[in-house]
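Shared chain: subunit A. Partners: subunit B in the first complex, subunit C in the second.
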Partner chain A sequence: MLEIVAKIKEYFLKRNAVISIIFVLLCLAPLFLSDFRINLLGKFVAFAILALGIDLIWGYTGILSLGHGVFFGLGAYCMAMYLKLESSAGKVPDFMSWSGLEVMPWFWKPFASAPFALTMAILIPVLLAMIIGYLTFKNRIRGVYFTILTQALSIIFVVLFIGQQAYTGGTNGITNFKTILGFSLSDPATKLSLYYIAVLLLLAAYVFCKLIIDRRIGRVLVAIRDGENRIRFSGYNPTVYKVFVYAISAGLAGLAGAVYVPQVGIISPAEMGIIPSIEMVSWVAIGGRGTLTGAIIGAVLVNSLKSVVSESFPDIWSYFIGITFIVIVIFMPSGLVGIYQQIKKVWRNSLLLKRKEAAMKH
Partner chain B sequence: METYVLQIFNGISVSSILMLAALGLAIIFGLMKIINMAHGELIMIGAYVTFVTQNIFMSYVDKDYFDIYFIFALLAAFVITAFVGYLLEITIIRHLYGRPLDSLLATWGVSLVLQQLARSIFGAPNVDVKSPTWLDGGILIWGDLQLPYKRLFIMLLVALCICGVYYFLYKTTTGRRIRAVMQNRTMAKSLGINTRKVDAMTFAIGSGLAGIAGCALTLLGSIGPTLGTNYIIDTFMVVVLGGVGTIIGTVAGAGIIGLGNTTFEFLTDASLGKVLVFSVVILFLQWKPQGFFTIKSRALDE
Partner chain C sequence: MDTVLEIKDLTVSFDGFKAVNDVSTAVKKGDIHFFIGPNGAGKTTLLDAICGRVKPAAGSIFFKDCGDVTKLAEHEIVERGIGRKFQVPSVFNSITVFENMELAAEKKRTIFSTLFSKLSQEQMERIEYVLNIIGLYEKRFEKPAALSHGEKQWLEIGMLFVQQPEIMLLDEPVAGMGRKETDKTGELLKEIAKDCSVVVVEHDMDFVRDFASTVTVLHEGTLLVEGDMEEVQKDPRVIEVYLGRGGE
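Coming up: the complex of A and B.
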């Protein structure tokens, strides 16, 4: 019995101390923060799920995608379609009738069921990522070429979603939701449960990513980042792994979108564009790429700072995030987690040194 | 038919601006493997320099000479953006050699700061630049079809710039050095070329070209702090499509993207047009992953 306790202690307190603290804090947060702040935090937790996906593909595999806003947006739109259909109670949603659409389009109909919408929120991004990933990675389009293509992808989706106003709500996006599964969205209890669901899903996503990177496949991903040709010459096919990781991270982004929408109550094409997509990468960069904890910390911290700073000084925020980003990318590529680890190392070394000195004196 | 011809004409003039912007980007990328996300903001700086030059001429120079301000603006736009580019290179970019993805992210930070700077100085709303009177009107071809002088002037300007860059790269000693570094950096270095100097200079020239593009853009509409972001992605696509390091690739890439955009938009609608162009580019890259024209190399990691 004691042994098991000791093992659990070791697992949570020593090996996964930081992440355990983060989740405990997230669970306790509703005791200290107002409903409004909890709602914001829930949004950031959704972003953290997405950041995990970006970290998998960028931090671990070294592929920079600046189109994750698209996957996030697709997931969010799937969820929004469900919420919209529920709130309009079988009738044609309001924005469709404004654009003169009398009959509900066929692809909207199945989204009336929540499980279908949730599945699609993950499945559509995964499929899209698989198609695009296969077509690009197979031809060894990589590095900045791939990045530029993903950027173009996000611009195209924004243009497409704005253009097809009758089906997507255009620039305004989809909003005016009332209930989710019959519970009122404005009810504080619903909001709180949505928050806890978000935290739970973040935990699940974290465990999932951890499972991937702790296995051999994780090693292969890191190896692709550090020397793709060597991996190829060792008999692995990088294309398969790259498509796999791209699809997984797209799925996580879709899930994040689905978690985001009921809490925020609106999704519009502005959330899928290039600028949000790069911002997503900046969370991971600032938190610390190549560590899952870094991704979560980055997403929550940067967004909290953003909401605090831009509430009072909107102008300063652009300067602040721009300059921070430049400094982090140039001088501290491993981000905040990297700094923490360095400090820890220095501290440990100095401790060791002291002990040695003490031993010498005796 | 007439509308289509006019559309095509407009498409060509827009793609000529893309060409100018992409030329700078492609040379910089070919030389240093740096993707400059702030390139769009350099375009914006060029546009604002034109705006400032115009204001200076309005308040200090005799009215009769107002029309020549544009010539000065072109020169000023080139010199000032080249200088900004040079500053960027020696402060930020030089830390990022060999880290292409990081360079992309850091320069995005730069673009955020530059945009906000423009907003603080000139205000968020768009401003108008009055184009010189000698560019008003156009050539009548047939019927109602009129080709505006402004767009013809832009095309001429771009053609001149491309010839200039060609001459510079292929006929001068400095140009030869740049091409040598582009082909094989370490070899060029060991033969005594100061690659640091070449890098900084190339970055400045590439930026200056963006400045000229910005100056030309003022002829087509009002300008604002986010002017560059509207063009940057198309510019990147030009580079991907055309291949890196050759002038002809950039010209071909810009031509295809510009014409493709207009044609598809004319045939379908604006949103579907963009999607079609993107699909065509992806399909094209299946056939030639490195783009139209590339510098031949036997290295594996190029």
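Coming up: the complex of A and C.
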């Protein structure tokens, strides 16, 4: 019994200290913060789920996607369709009738079911990523060419969603939700529950990603980043692994979108665009790519900073964010987690040195 | 001795330029077979064709009883038992030496098995055995960034060896090495040749002299002479195109 306790202590306090602290803080946050702040934090937690996915594909596998807004948006729209249908109580949603649509489109109907909507929020991004990933990676489109392609994807979807106003709500997107599973969205208790669900899903996503990177497949992904040719001539087919990691990260982005919508209450094509997609990558860069904790810290911290700075300096806040990004990328290429690790190293070395000196004196 | 690899009338062309022109040769089992020749002779291209990196315009490459391998994808060719090392040492710098070996050693390379399977006792022993041969056992938990140039080359050769290939293709494995390291690499190749055939592309003539069992001289994409080092060295055509130049 004691052994088990000791093992648990070792696991949470020593090997996973930082991530344990993060989750404890997230769970205790509602005790200290106002409802408004908790709602914001819940949004950032959703972003952290997405950041984990970007870290898998960019941080670990070295493939830079600047189109993850699309997957996030698709997940968010699936959830929004469910919320809209529930709020419309069986009638055709308001924005459809404004566009002159009187019969509900067939593909909207199944989204009246919450489990279906949530499944689709993950499945549609996964399938889209598998198709695009297979076509590009199979043809050995890599590096900056892949990145440009993902940007094009982002533009295509924004244009498509704006153009199909009758089905997607156009530029305004989908909004005016009232209830989720029968609970009022404006009720503080519902909001708090949504927050804790978001934290729980983040934990699940973290464990899932950790499982992947701790297995041999994690080493294969890093090996693709370090030397794609070498791994190919070690008998692995990089295409399969790249499609896999792209699909997983798209799925996480879709989940993040589904977590985001009920808390924020609106999704519009603007969230799928190129600029949000680039921002998403910057969270991971600032937090520290190639470490899962870094992705979570980056997403929560950058967005918190953004909201604090934008409240205090509404005119020039975006410059702050830009400067922070540039400083971090130039001076700390491994992000905040990288700095933490360096400090820890220096601290440990100086401790060792002191001990040695003490031993010499005796 | 048995033939492991047979190249028949192989032609590789890049936009009409024939880098390898109608070459036929064979690699015998347990041989250390050197391909030499001046720059542009088509040595590296020949290796690329064998391991599937370039597709030949004509001709075929027969490997053991697997038939013609020129139609297969790179990783499929590796699975049949052909290992390839590139000129620049390429190892995975962010994982440890042992993990580098682990990736190469495991024969099951699907997503499912990389998610769930673990190394068998036999594989662990093989990795340790190879780590000892290449002299990196003590450094197995270090990352390759901490290794010297020579050690990185040995690690990559070790990664090929642990795959248990039937034939190993090495592109200038001793480039940039000192005399001592070069000799050590040669001994390593001898050790490896007990289990599999080794094909080497090389410029260092001392190295070729000391360790070659068969030498093939290529010149401007065609096969000039083939034989053991003594025969090749005496051949007037070889002296003219290659050995005659620059004192060697």
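The working rule: the second predicted complex is superposed on the first by the 361 of 362 C-alpha atoms of A that agree within 3 Å, B and C clash if a C-alpha of one lies under 4 Å from a C-alpha of the other, contacts with A are read in each partner's own complex, and residues count from 1 in each chain.
Basically, contacts are C-beta pairs under 8 Å (C-beta built on N, C-alpha and C of every residue); 3 or more make two chains touch, one makes a residue touch a chain.
All values reported here derive from a predicted model rather than from experimental measurement.
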| item | value |
| --- | --- |
| Touching partner for A:240 - first (subunit B), second (subunit C), both, neither | second |
| First (subunit B), second (subunit C), both or neither touched by A:264 | neither |
| Touching partner for A:212 - first (subunit B), second (subunit C), both, neither | second |
| Partner chain in contact with A:229 - subunit B first, subunit C second, else both or neither | both |
| Partner chain in contact with A:302 - subunit B first, subunit C second, else both or neither | neither |
| Which superposed partner A:281 touches (first subunit B, second subunit C, both, neither) | first |
| Touching partner for A:164 - first (subunit B), second (subunit C), both, neither | first |
| First (subunit B), second (subunit C), both or neither touched by A:248 | neither |
| Footprint overlap on subunit A, comparing subunit B with subunit C | 229 |
| Of all residues in subunit C, those that touch subunit A in their complex | 51, 73-75, 78-79, 83-84, 86, 90-95, 99, 102-104, 106-107, 109-111, 114-117, 156, 159, 163 |
| Subunit A residues within the subunit C interface of the complex | 212, 215-217, 219-220, 222-223, 225-227, 229-237, 240-241, 244, 290 |
| Touching residues on subunit A, where the partner in the complex is subunit B | 62, 64, 132, 135-136, 139-141, 143-145, 147-149, 151-153, 155-156, 159-160, 162-164, 229, 274-275, 278, 281-282, 285, 315, 318-319, 321-326, 329-331, 333 |
| Touching residues on subunit B, where the partner in the complex is subunit A | 29, 33, 35, 92, 95-96, 100-102, 104-106, 108-113, 115-116, 119-120, 229, 233, 236-237, 239-240, 269-272, 274-275, 278, 281-282, 285-286, 289, 300-301 |
